[in-house]
Amino acid sequence: MKFDTIIIGGGLSGLISAIECARAGRKTAIVSAGQSALHFWSGSFELLGNVDGKAVIDNPLDLVPSLPAPHPYRKIGAERLRKLLSRVPEILKEAGLKSYGTLDRNHLRLTPLGFMKPAWLTLGDYVAVDADKPLPWKKVAIVNIYSYLDFYPRFLAHGLENRGVKCSMAAVNIPELNVLRKSTTEMRATNMSRFFTDEAVDHLAAEVNKVAGDADAVIMPAVLGIYSDAPVERFRKAVKMPVWFVPTTPASVPGVRCQLSLRDLFIRLGGEFLPGDTVKGGEFEGNRLKRIFTVNLGDMPLEADDFIISTGSFFGHGLIADIERIYEPVFGLDLNVKGGRTEWYEKDFYASQPYMTYGVITDDKFHPYKNGEEIENLYATGALLAGFNALKEGSGAGITLATALHAASCITE
Amino acid sequence: MMTLQQQNISDNNFESCIKCTICTVYCPVTAVNPDYPGPKQAGPDGERYRLKKPLYYDEALKYCLNCKRCEVACPNDVRIGDIIQSARIKYGRHRPSLRDSMLADTDTVGTMASAFAPIVNFTLGLKPVKLLMDTFLGIDDHRTFPKYSSLKFESWYKKNAAEEQEKFDRKVAYFHGCYVNYNYPQLGMDFIKVFNAIGIGVMLLDKEKCCGVAKIANRCVKDATRDAEINLKSIREAVGNGMDVMLTSSTCCFTIRDEYSHVLKLENSDVRDHISLATRELFRLVDEGKVKLVFRKDFHKRVAYHVPCHMEKLGWGIYSSSLMKMIPGLDLVRLDPHCCGIAGTYGFKKEYYNYSQAIGEPLFRQLLESNLDSVATDCETCKWQIEMSTGLTVENPISLIAQALDIEATRAANKAGI
Amino acid sequence: MKDDTLRKEYDVIVIGGGATGAGTARDCAMRGLKTILIERLDFTAGATGRNHGLLHSGARYAHTDPESAAECIKENMILKRIAHHCIEETGGLFVSLPEDGLDYHAAFVEDCRKAGISAEELDPKEALRLEPSVNPDIIGAVKVPDGSVDPFRLTTANVMAAKMNGADVLTYQEVVGFLKEGTAITGVKLRSRRDGTEREIRGKVTINAAGIWGHRLAELAGVKLNMYPAKGSLLIFGHRINRMVLNRCRKPGDADILVPGDTICVIGTTSTRIPYDQIDNMEVTPEEVDLLLREGVKLSPAMAWTRILRAYAGVRPLVASDDDPTGRSISRGIVCIDHAKRDGLEGFITITGGKLMTYRLMAEEATDMACQKLGVNKECHTAEIPLPGSEDTAEDKKRRSHIIELSTEQKAAEDRHGTLTGKIVSDDDAADALVCECEQVSVGEVNYAIEELNVHNLVNLRRRTRLGMGTCQGELCACRGAGLLERHDKCTQRSLDDLASFLDERWHGMYPVCWGETLVEIQFTSWLYEGVCGLDPSEVNVSDNPTQH
């Protein structure tokens, strides 16, 4: 089966580049081996939140030249980064997701444990505040769903009170949830969100109104709107003060929403999404990848002019570690890994872990190498790339998006 | 250390589960039935406890539809559905009931029903009979039974088609399945019509038994294994004679290719790659330029394609949809992937009927809102469920192709005149 | 426990919250002595919580140490009676591989019989049928009454029994000095590991049951006790490979026992002498991991491809019964020292050596000695009276666990808490919700542990309930556990610090085996906690030594 562009990996990076390729009229397919790390998304994209252990607020792109040389941001350059990344809010909007934020200045997002961390783009209904101003509320009501374990009102209150906000806490219930609560494991954000439709939303709002008192705002776990904004809008209309959401631990409602919305946009643009399939390998001619073989499609390969590999880091099985070595399982691409397993980690959990910086090495156009030879119609993007610690830098989403958009623009321009 | 821990996953790969909970997001049962522990708990989490003590087996695993949507979603390739089905077979305490055995034994029931098809169809449609079945067998009285055909496909084939098929140079073997044989021979006829038109003869297997999907689901494993062994023997023989084996049912295809080895633990790797769906083979021939399809100009239909769960798991929906996209007069409507809720015999059982309908509800709503002429799907039980729940006509993609194909022109284009 | 509930003077101060200390406190309290148990960290933080969890039949010692073997089988039978909720009677196999030959095997069966251990020779085929995971190349097999014992549960039950009999219990109190009058020890000076406050407690007799740390305590008391720390490393696999305990039928060596325990199984051990100053820095080296795997797969080939959850190491105290610094007179049996007799120091007893299997016997000997010193004439009943949680018969237990209607988490709780399971509140759906999904720990069980089982932090909670001990090593449950602990503790910052330290503690056991899914799991955990949740050292204090909880 022949396509113009094939993307291996259906996470954030793969979806974004696929959307841009499909939009440019290219016949595009995504092969996705299971669902992606986007499912744990906090609702905020980070661009560059930390340099040398210090939080970055103003003009994060100005710091790009100071990053170490193999860093993907350095390869793209600050100017082009700005151009590429400015597309992101438009794509999100097209997919039906409202977002807030600018490239010139990070805001702070509120984490599930009550910490404030720099972020670039945050979904419209999630807490995002200015780093240098006092919080916009004097008093907030933190409202949980009764018996829901993945939301931590007291940790949130601790964080907010440290910033001078008075907090009240309450838990509410609506009878519609009682059936779900019978299960000992399934009171999860994503499952609850399926119950919060139509009248159930009004019932929830009525309960929240009862406990919110005279608060300036209500802070709730992100348990509404897994498939669309409609329940959120209905809820916000029915609650007497502004409502803000805080993401929960997995799987997260904003994560699933973002995944599904971007996938739908891709399919609307004419793309083929092949879920639950794993690429086993490819055939090369010279420095070009000609076709790939997958587990499901068996002896019927997929051919394309250009390929993008965005299979992620260890979590996405873009990289695999066994007792002796770390390798890229699809094509055996060249990595920046040095040494055996004792070199892969630091004993302190919170140190910068070497394994986090492992990935595929590429040239400045993000073409990877196989046995030292550059593959000229293959691009590597996202968490699969080498040369940065996204966790320590607060740069994961930015790198994922920028490299995806970069690859797509190289292919389509 | 070279051989140690190179692949640190056991055969039963439940331990690859890293507890990300993504499977629970995509489980259609969790959403409607709180008694079901959810795929993560029922599968990998529960398996560790069952290995500790078989007593930990939880009867609520019976609520699993075996739709495999958890497996399609799993980022770590954990065979969650297989783990649950295997656990039901290994640890389930209750013997399959008369009702379950009857629903599972599609061959015997089908043969009997075909012989008396008009009476059976009439009787199964009667309200008092339905109530009796509801009360005494636990088959839900809301359920519409598929009609039985008075002429079995195999009989039709022997009488009307067998001789002609010998004339083709290239041949495939057809695993028609119980549905085509007992309920809807027309699909088998459509398949032969299409494949003959492109110059391929269609043979039947020496001996074909039910693929076993219903028996596996109802834990009649001994019977399923016996049938599977007969099928594999026939398949091997066909493959040995240079024929690939084609199916028109995605569920039968999935069962023979994957469940035989994963659940029944039968060796099928030698023939697995020779077992394929008709739409996949047809697409391959067109894609490789070996075959041309010429479509009629007077065919016009607005069709939504429902990818059956097992088709989603096979990953072959793209072949059926790509073929349908080739038909100029076919306006193909895209659907959000969703389980229809029937899961073979599951939806027939009284205790699951309501769950079954609740699971399928989002799909039915989409279909009813789409102003369709018909619905295309590769699975017969999805067809029953959608027809019963929406009143829409449901057709196999092969049947749609058979309707849309200009047979004479296609024959000519492929020099398939005989 | 509030300070004012503590008595001014005790009959006995027991130092050390392992099985021996807890057992001694129970025995003393049952004999009517005013008793206090003191532990510098948490119960089972030392060697008790860092071994195989093997309920020895004694067979392992039958050839080399018949006396220990006889002790073991006797205690084995007692524990099956008094502590059946901590025990699984899996049975064990001693298997001979071609490389082991059958010489040891022949003598072994005879030695077992002499020691009173039932030893049934099996045809290798029969052994393979009984235990399909065993190496199919075995040339000989002997079935013995080995089993598994949960040392966390066993110790907790002893602590509970001590408390029920009137003993006081203090955790996170380190002995930093002794009170002396003339040539007698009359009490201890304690410093809190949690807030640094100091206090004194007086006691007529002080029993040093601190395992390898007893060496340092003796020094503090002014007497010499020569202990030689031997480190043993072990690996935990993600699920049970084997149903029965598997032993190599040869002279005891490295990695020759695979024990199924609760949801997992454990291969071990290695044995290395280490310098005394390293006893608080237990770390498993890559060489030890390789050795354990290389030898382990000979017992059960499945280890070659089964996921490893973590590695850990414990310290065996090898004791010289005299103060000869060369350590030539090392005993592997129980050592109970009256320091008045040996060193002229009154009021001080050391109980050490021995093994988890003989903890009750050790406690009995130490308590006998204390009673003698105090002039109390009371018999020991610890072998007859069941421990809390085992207050029914093994048959009752079996009957209860056969109730099919119980949910998985209720069955798991039954297995963990036995007859005390009823104390777990399960009055609404909210209490039944699972905190730890891998190990089936409910909100009710967590609350019960916090309220009744001396839980101050997540590591304590883990030891009492298995929270965080499963496949995901805390990824899904650490946060939920911290949330519930905080509701009781009310100190949010401390809870966040505790959460951060707990993840570091989990990682400490994971990095030695950090490949495959274990690496995937930890990357996921890091993304979640440090990334999504923003839990990093700029926000929280992570405790210095991850093994010191």
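Just so it is clear, A, B and C label the chains in written order, and each chain counts residues from 1 on its own.
The rule we apply is simple: a residue touches a chain if its C-beta (ideal position, glycine included) is under 8 Å from a C-beta of that chain, and two chains touch if they have at least 3 such contacts.
Quick caveat: nothing in here was measured; it's all calculated off a predicted structure.
With B-C and A-C as the two chain pairs, more C-beta contacts join A-C. With centres computed from CA atoms alone, A is the chain lying nearest the middle of all the protein shown. Look at where the CA atoms of subunit A average out and do the same for subunit B: the two points lie 35 Å apart. With centres defined as mean CA coordinates, subunit C is found 52 Å away from subunit B. Per-chain CA centroids place subunit A at a distance of 42 Å from subunit C.
Annotation for subunit A: residues touching 2 or more other chains are 37, 40, 181-182, 184-185, 250, 315, 317, 322-323. Under the contact definition stated at the top, the residues of subunit B that touch 2 or more other chains are 1, 4-8, 20-21, 37, 40-41, 76. Contact of a single residue of subunit C with at least two other chains is seen at positions 407, 437, 476, 515-516, 520, 524. Residues 1-2, 4-8, 20-22, 24-26, 30-31, 34-38, 40-41, 71-77, 273, 280, 283-284, 287, 312-316, 318, 322, 334, 336-337 of subunit B are the ones that touch subunit A when the two sit in their complex. Taken in their complex, subunit A has these residues touching subunit C: 37, 40-42, 53, 111-113, 115-117, 146-147, 149-150, 152, 154-155, 157-158, 178, 181-182, 184-185, 187, 247, 249-250, 252, 313-315, 317, 320-323, 341-342, 344-345, 347-350, 353, 355-356, 391, 396. Note for the complex: subunit C touches subunit B at residues 238-240, 260, 262-263, 290, 293-294, 297, 302-308, 401-402, 404, 407-408, 411-412, 437-438, 440, 470-472, 475-476, 515-518, 520-521, 524.
Contact residues of subunit B toward subunit C in the complex are 1, 3-10, 14-21, 37, 40-41, 44-49, 51-53, 55-56, 58-59, 76, 93. Across the complex, subunit A is touched by residues 286, 407, 409, 429-430, 432-435, 437, 442-443, 476, 479-480, 482-483, 486-487, 492-493, 495-496, 499-500, 503-504, 507-508, 511, 514-516, 519-520, 523-524, 526-528, 530-539, 542 of subunit C.
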